[in-house]
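What follows is a pair of complexes built around chain A, which joins chain B in one and chain C in the other.
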Partner chain A sequence: MRFALAWSSLRRHGTRTLLATLGVAVAAAMLLDMVMMSTGLRESFRELLLSRGFQLRLAPRGTLPFDTDATIENTTGIIAKLRANPAIVTVSPVLGGTIHVPVRGKVVTSAALGVNPLVQGDYELLSGKDPKGRDDIVANDDFLRATGARVGDTIEVSAGYDPQLRTYAGSRKMVVTGRARFLYGAAAQLATAMQLSTLQEMGGPDRRDDSSLFMMKVRADAQVESARAWIERAIPEVSAISTSSALAQVDQRLSYFRQLALILGTVSLFVGFLLVTTLMTVSVNERISEITVMRALGVSRMHVVQQIVLEGIVITIGGATAGLGLGLVTARYLNGILSSFPGLPVAIDFFLFQPKAAWVSLGLLSLSGIAAGVYPSYRAASLPIATTLRQEAIA
Partner chain B sequence: MTDPQGSDQVNVVEARDLARDYDFGADRVHALRGVSFDIPEGDYVAIVGPSGCGKSTLLNLLGAIDQPTRGSVRIHGESVAGMSDRNATNFRLRNIGFVFQRFYLMPTLSARENVELPMAEAGLGKSQRADRARELLRYVGLAHRERHRPSELSGGEQQRVAIARALANKPAILLADEPTGELDAKTGSEIIALFGRLNTDGTTIIVVTHDEDLASAARRKIHMRDGLVVDP
Partner chain C sequence: MLTPLFAAFLLLQQPGHRTIAIDERLAEDGRISIGDRLTISSTPGSLSGDTVIVSAIVKRGADPAEIARSEYRVRMHLDHLQKVAGYGDRVDRFAVSSRGPRTIDHALSAINATAFGFQAWRSRDIAVETSRTFQVVSRFHKAIGLITIVASAIFLLCIMLLKVEERRRDVAALRLMGISRATVVKGIVAEAALLALIGCALGVALGWVSSQFINWYYQGIYRTPLYFSLITPGIVSLAVGLSLVLGIGAGFVASLRLVRTPPLTLFGR
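After this line comes the complex of A and B, so read on.
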């Protein structure tokens, strides 16, 4: 009977109920987006760093996370040193650079990575084969679109451009063996990968044994931090960073994002709370005589409160459910805008849906909806019956 | 529990030295100044008197929706004065039937649902209360209107639904405050006839009214003036 009364009361002012539900939906969507944003970037970054199982990264001192201009010399020697540590099971050297491809009188410039295809962690092959030969190259769709090349085509590739002499340190014909998605590539960035030795050779004599970065996997039973400390002692010219410390740095740098999300999320929650409280207060004030008569007929104060709180719950849950969908759509749209930020890996998501966080935020909103109904209903149910009926009759 | 004449008739209402004061800022208004009377079971009493004489205040005290400043009220032997809110609410639910001048039906519920409301509160099962609500609506002549909402009923029909609602939990007394006050003469006389039938069937009725016809239909009148019973 209480639910029937609550439902019929909500239907009595259908437009107002609908508008309030939409208002709660907007607040819920904003709250959900803020919760998604507060954790999304960090979680997305963590997933990205761990996606290929590398727990340690090594770069020239002071250049982390990645700088194609700064290189580490003596790659062969460093790999040998790293392999001497039994805790390190995989070493993947990477050299970053730029290549140039002449296309119909123009030159297409692209990022290039020199990798060991057997252990690389920079790209995901979509079709074709890894660049196992010295003249093989894989490229992303943006590169293939810009050059008009397809898998199987041969292209002229140059590297090591000297702007003063306007010459390249190395050029060669290469076969596009595969299509790839580059994990750390920015949106619309042209990217390719080839054998490390190929890019080193094309970079000229100065780059014969250079690398920009090493990525490492540590044995399952070994301590990542111990391995990291050992590397920094054994190879003083490099900085080593573990995924957990990289995440700690990201956390630190993103703290303002989280604070912003927290503040906006709290505001959304508060707006939702105020909205339902306002509606409940107006609704209760309109029904003072009904409520008083119910009390006169013997309906308990608690049951009056329950019935009105039920109305608040229906609005809040209805709004929160609609807000869930609205929040996901908004997050997707905003993510599309933010992900195209220059230089940011396209795989990074600003808004990441995490069911637990979503339920927590929607639960909070529902709780606020319950709380919003309690005060006005309790106040109405506590009015002196005889006096209120007399005043209502006079009014 | 016998009347003052010492007969075996059981008193449903025993009011002793009932007083009710209201404070309006610095002023104190004595709405009731010490009223005593008994009403035996099955009686039909009209409380009459000029406006402001304390009729409605008295009805509120008898119905346990207000507390006296002084004195006592016993309904079916149970003292109503000084009851906690929870006990008074439960007492009203099971012992008092209220009929108001303005009907006060729940506008979003059908006639039958309105009648079911006190029964639902009393914990009666769905089918039981639906059956009893139909029976009561049939009694007041509205069996064919059970699905209609108050806005689809005439004033007289609404008041009959309100009477059915008041009878839902088989109360010890039916209290009515100006039950014909909002109705035209013809509809008012229908309600008066319904009250007469109810009383004949055993319901104890106390009405507060200015309506001479309604007051004349009662078995007994209690005249009030300035917060006092002038001819009990």
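After this line comes the complex of A and C, so read on.
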């Protein structure tokens, strides 16, 4: 009965109901997007960090992995120290660099990683084999496209230039043994991986035993934070970064987006609330005589309140449901824009759909819809019946 | 006046030490002043290093590329840094000034024709490349702005519709008194325009206050003189223009609906 009355009241003012629902839909879409943005980046980054099971990373002191060109010397000694800790089960050293491949009169420049293929966590092999030989290299599709090379081809690779002699430095012939997808690679970034010792040799005597990063897996029953603290004490020249501390750093650097999400999310919620409140107030004012007649016929105050609140809920839920779909479309569009950040790993999403985010948005809007209808309906239902009827009759 | 002179005197008294300039953030965090002695090293945690004297504290520039990186900056003489970092006789880049805009193309082709292992770029091209991050942020802001405009338009249309419909009885009375439809529409549109103007004035004031707060807040967080929010005449014109067009349009549509309804129906008869 209450729902039928609420529904007929909404249908009586079709344009108004449609516009209000549309307004709530846009507010809900914005709210969903902002909830997705406030948690999406963090969650997406966390998933990426833990995708290969490495819980700890070591970078040159005071830096984040690959944040600068700084490297860590004495890789062999550091690996030996790390292996002395029984909590650490896997150590994967990585050296970052740049390689140059002369192809048909031009030079293709690409990022290169020196890794231990047995324990690496930087790429997924799509076809072919890992670079187990000293002259093996795996590359991503962008690199293969740019160089025209295929798996099995031999290519000339250099690690640098010698401007005085006008030759390439650290050159060697390498065999492309596999196609790989680099987990931390940016969109359209050319990337390759080879054995750590190969890239160290190509870098010359200065890089003979250098690494840019160490990734580590900690035993399942060990405390990651204890291992991190132990490393910082035992190896002062590095910064040990756990997933939680990396997330804290990312939070700090990208706090702008979280704050923007909070502000715009609050504004969206407020706009949705204001829209439904205005609509309900005007609607109730218009129907004062109708409500008073209902009251005079013996309809209870609570019944009137429930009917009007129900109208607000219908508009809010209708708008929020449409807004969820609209929000997913706009989130995809906005994510497409932010994904083109230079150097951002392809795997990172700013807007990550999580059912919890959708429920939070829907719940917040429903609450605001209920709150929006309560005051005007209670006020209307509380008017003195006889006086109001007389005033309405005179009017 | 005495303090800089004293610092300069101290510097002259210690000819064996090189001097460096540090940025104001490092000076503040490390409580370092001009004339202080520091030991610098390229190896973290190293006990041996090069002792230097702080000769200047440099104000940080408003560089958007640096805001998210809470890094300190130290300026040294080139040969000194090459020695400390073990970098040999290498540099990362050269800045070259030309005799004028006309000579740039010639200089670029001349350098690139003889270069091996390096390339010459126009400063403008480098600026475009390094500002890609901010182009992305700008595109994101524009997209958010577009969504906000759509939401505001619907909100405004809805409010105007409700506002006009609230006047059903007034309009019915005016029509029964013989006031023409056009006059009623003009009256309602004028009212909508006035409302939109008042809303614009309040919106601009609120925007200005928000902008001041945003700049104060983020300049404090990122410790930068960079402006995060700027209200330009162009932005104000766009906002006011859009609000007026949307407000008047919504008022016009709503009033048309009203005057087309028979007056007695408006009275609920």
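Just so we're on the same page, the second predicted complex is superposed on the first by the 383 of 395 C-alpha atoms of A that agree within 3 Å, B and C clash if a C-alpha of one lies under 4 Å from a C-alpha of the other, contacts with A are read in each partner's own complex, and residues count from 1 in each chain.
By definition in this document, a contact is a pair of C-beta atoms (placed from the backbone, for glycine too) under 8 Å apart; a residue touches a chain by one contact, two chains touch by 3 or more.
What you are looking at is a predicted structure, and each value in this text was computed from that prediction instead of being measured.
Of the two partner chains placed around the shared chain by superposition, chain C is the only one that A:S340 touches, whereas chain B remains out of contact. Of the two partners, chain B and chain C, it is C that touches more residues of chain A.
Of the two partner chains placed around the shared chain by superposition, chain C is the only one that A:L264 touches, whereas chain B remains out of contact. In the superposed pair of complexes, A:P60 makes contact with chain C only, with no contact to chain B. In the superposed model, A:T330 makes contact with chain C only, not with chain B.
When the shared chain is aligned, chain C comes close enough to touch A:L254, but chain B does not. In the overlay built on the shared chain, the residue A:R11 is in contact with chain B alone; chain C does not reach it.
Chain A contributes residues 15-16, 19-20, 22-23, 26-27, 29-30, 60-62, 73, 160-163, 166, 206, 236-238, 252-256, 264, 268, 271, 274-275, 278-279, 282, 285-286, 330, 333-334, 337-338, 340-342, 395 to its touches with chain C in the complex.
Remark: chain A residues 1, 4-5, 8-9, 11-12, 289-290, 293-301, 303, 384-387, 389-390, 393 touch chain B in the complex. On the chain C side of its complex with chain A, the touching residues are 43-46, 68-70, 86, 115-118, 132-133, 136, 139-140, 143-144, 147-148, 150-151, 154-155, 157-159, 161-162, 165-166, 169, 218, 221, 257. Contact residues of chain B toward chain A in the complex are 56-57, 60, 63, 65-66, 85-86, 89-94, 96, 98, 100-102, 104, 106-109, 113, 116-118, 120-122, 165, 169.
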